[in-house]
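Structures given as structure tokens follow.
Look for chain A in each of the two complexes below; its partner is chain B in the first and chain C in the second.
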Partner chain A sequence: MSVEEQVKDIVSKIAHIDKEIMSRDSTFKEMKADSLDIVQALVAIEEQFDIEIPDEEAQKFRNFGDFVAFVEQEVAKKG
Partner chain B sequence: MKPLEGKLALVTGSGRGIGKAIALKFASQGCDIIVNYFRRREAAEQTCEELKQFGVKTDIVKANVGDPDKINELFDTIAERHGHLDIFISNAASGVGRPIMEIDSKAWDWTLNINAKAMLLCSQRAAGLMEGRQGKIVSISSLGSTFVWPTYAAVGVSKAALEAVTRYLAIEFAPKGISVNAVSASAVATEALKFYMKEGLVKDMSSTTPVGRMVTPEDVANAVAFLVSDEAYMIRGQTIIVDGGTSIALVPPVTEKSENK
Partner chain C sequence: MSQSATKVRVAVDAMGGDNAPDEIVKGSVMAARQGHVDVTLVGQQDVVARCLSEQGASPDLVRIVHADEVVVEGEPPAVAIRQKRKSSIVVGTRLVRDGEADVFVSAGSSGAVAAAAATYLGMVDGMERPTVGGGFSSFAPNIVVMDLGANVDCKPHQLVSFAIAGTVYARTVYGIENPTVGILSTGSEEGKGNELVKEATPLLKDSGLNFVGNIEGNDILMGKANVIVCDGFVGNVVLKFYESIGDRAKVWLMGKYPRIKGLVGYMFDKVLPIKKLSYEGEEEGSGLLWGIDGVVRIAHGACHAEHILHGINAGRKAVEVDIVGNLKREIAHLRAQGKLQ
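Let's turn to the complex of A and B:
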């Protein structure tokens, strides 16, 4: 499963979002994910990939695509 | 000999803020420290570097104390690596700031689990490692347990529960030789709070604090250090307030700033 698919899986389960409506362009607001959903998703993704997503970085995510891109970048760094 | 020499303390959430200040205070008194963090390993490592300057031993264990399985992993690791514990500080906290009508079940559970349930579950495990060691447990609360701040309902309730758990533990653990107390502070000038002040979400409370400045993490650490000392032996199940007098000043003090308004 790709990193994007795994991230989608985690976020959809935590925030109870239908995966069908999740695209890279979707904002968290459009997906109806609240601040706690986002924090819990960050925690779950950090755990899953053994990476860190600083809050300062997370605040810069404009949409789901930015989120996925950051996770992909950190996973790639780990090799 | 330093007062805490030969002792081992676990401080949850000690990568930064109040937890870090407590860890540094203990280390300055000769205590070995287990630094616990949730998400920022770099901050925890930095804390350890600073602790080592006092010549104490340090260890780092990651754990989300809002998750009972992770609490068990944390204490299993401590048992395996150290086999005992003298001091446990329940400091790690989180919370959802929302008006009461917007607090849903998920926000409630998240806040209560990290802020209150963790104290119960961690203390149960800590007690097993403190047998015959005159253990000390201190929880970190806030004035929101008693007083009302906007959007603080979930955290305030969790802190009230934390203080109640502290009292019950104090009585049930007394025969085991373990003392349990809490330290409660008003808004503490941590990096997190400074960020919120900069964003305009929280006001600088210096002018409404009778002593004329905000509470610092070191002020809280000093009270915690007293509660784990032998001098505090007969203090059990109490919540010591560290707020520069804010909570008992019914009318905020008149300062030069407010006089000029």
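Let's turn to the complex of A and C:
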């Protein structure tokens, strides 16, 4: 399963969002994810991939695609 | 297995609450001395050790787990638990997640405790958000109103999850085998109420729970349903109104009958059980956070040692009666009937 699929799985499960409506262009607001959903997803993804997502980076995410791209980049760094 | 290994292990946030750490440590020591639980205090090592020393507690009575940071009341909860991962709230919650404790009790920021619990322990499958509820002391102690303020904006299916948690509450705490469930609304007939009520009603009817329809405000204290669900906005308004009744009634009567105001004051303060009306979690000083996949109790910010003692023992009881397992089994049972997705 790709990193994107794994991230989508985690976010959809935590925020109760239908995966069908999640695209890279979707904003968290459009997906109706609140701040607790986002924090739960960040922590779950950090633990799943053993990476760290600094808050200053997380605040730059404009949409789901930015989020996925950052995780992909960090996973790639780990080799 | 040693006796100690069979005890419920309770982690207590030593740094949370208006009277922390002194009252928290005092209550924890009281619980440890009763001998039914193993207590771990989570907080700044030197501060907690000094408080333990002042209580005359031997070093082997209570374990200390160091946590550098403290979440301050008013910090945005979701942000605080991300930015303060070494806070007593996060460290204490993670002790439960990592299997080093069975229960976490905190009088710190309620929002931060709920956020940390949802994040690090996760939700029971079928429950979306942590919820708080309970009976109204004095006049209606054997009902459960859920939610009482943890979720001010709710989706219809969340009310179903509150109803499930309330049903398990009424069954395990009050011993009611098949609790009735009502939805708080502005009229008793189906179809009355706001959009949330109208959308939640068919879900509740089809939930497999013992749903009895709309409950009006004047039905709450009559006990017309054992479990009453509403969003946290409505629940909190109802609760605060209820809490104000005793004091207001006393002031009104003393003004109306000034000649006997001493008697009125005596009756309200010493005789009648309505000087301080509240929900039972508030009265006891702490309440269970429902829906979390673990036992977490949120204590009132202004709580004292006795409330912490009660919270620790109530947490122990929640583990012993397997309250989380009961909730999971109720959800599994309803799903097996094809009632829940």
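One rule holds in what follows: the second predicted complex is superposed on the first by the 79 of 79 C-alpha atoms of A that agree within 3 Å, B and C clash if a C-alpha of one lies under 4 Å from a C-alpha of the other, contacts with A are read in each partner's own complex, and residues count from 1 in each chain.
Note that in this section contacts are C-beta pairs under 8 Å (C-beta built on N, C-alpha and C of every residue); 3 or more make two chains touch, one makes a residue touch a chain.
Fair warning: this is a prediction, and the values are worked out from it, not measured in the lab.
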* To do: Would you check which partner chain A:38 touches, where first means chain B only, second means chain C only, and both and neither mean what they say?
  => second
* To do: Have a look at where A:52 lands relative to chain B and chain C in the superposition and call it first, second, both or neither.
  => first
* Where on chain A do chain B and chain C both make contact? -> 35-36, 40, 42-43
* Touching chain C in the complex: which residues of chain A? -> 16, 35-36, 38-40, 42-43, 55
* Would you pull the chain C residues touching chain A in the complex into a rising list? => 76-79, 81-83, 115, 118-120, 128-129
* Asked: What part of chain B is in contact with chain A in the complex they form?
  -> 38-42, 64, 96, 106-107, 110
* Structure fact -> In the complex, the residues of chain A that touch chain B are 35-36, 40, 42-43, 46, 52, 54
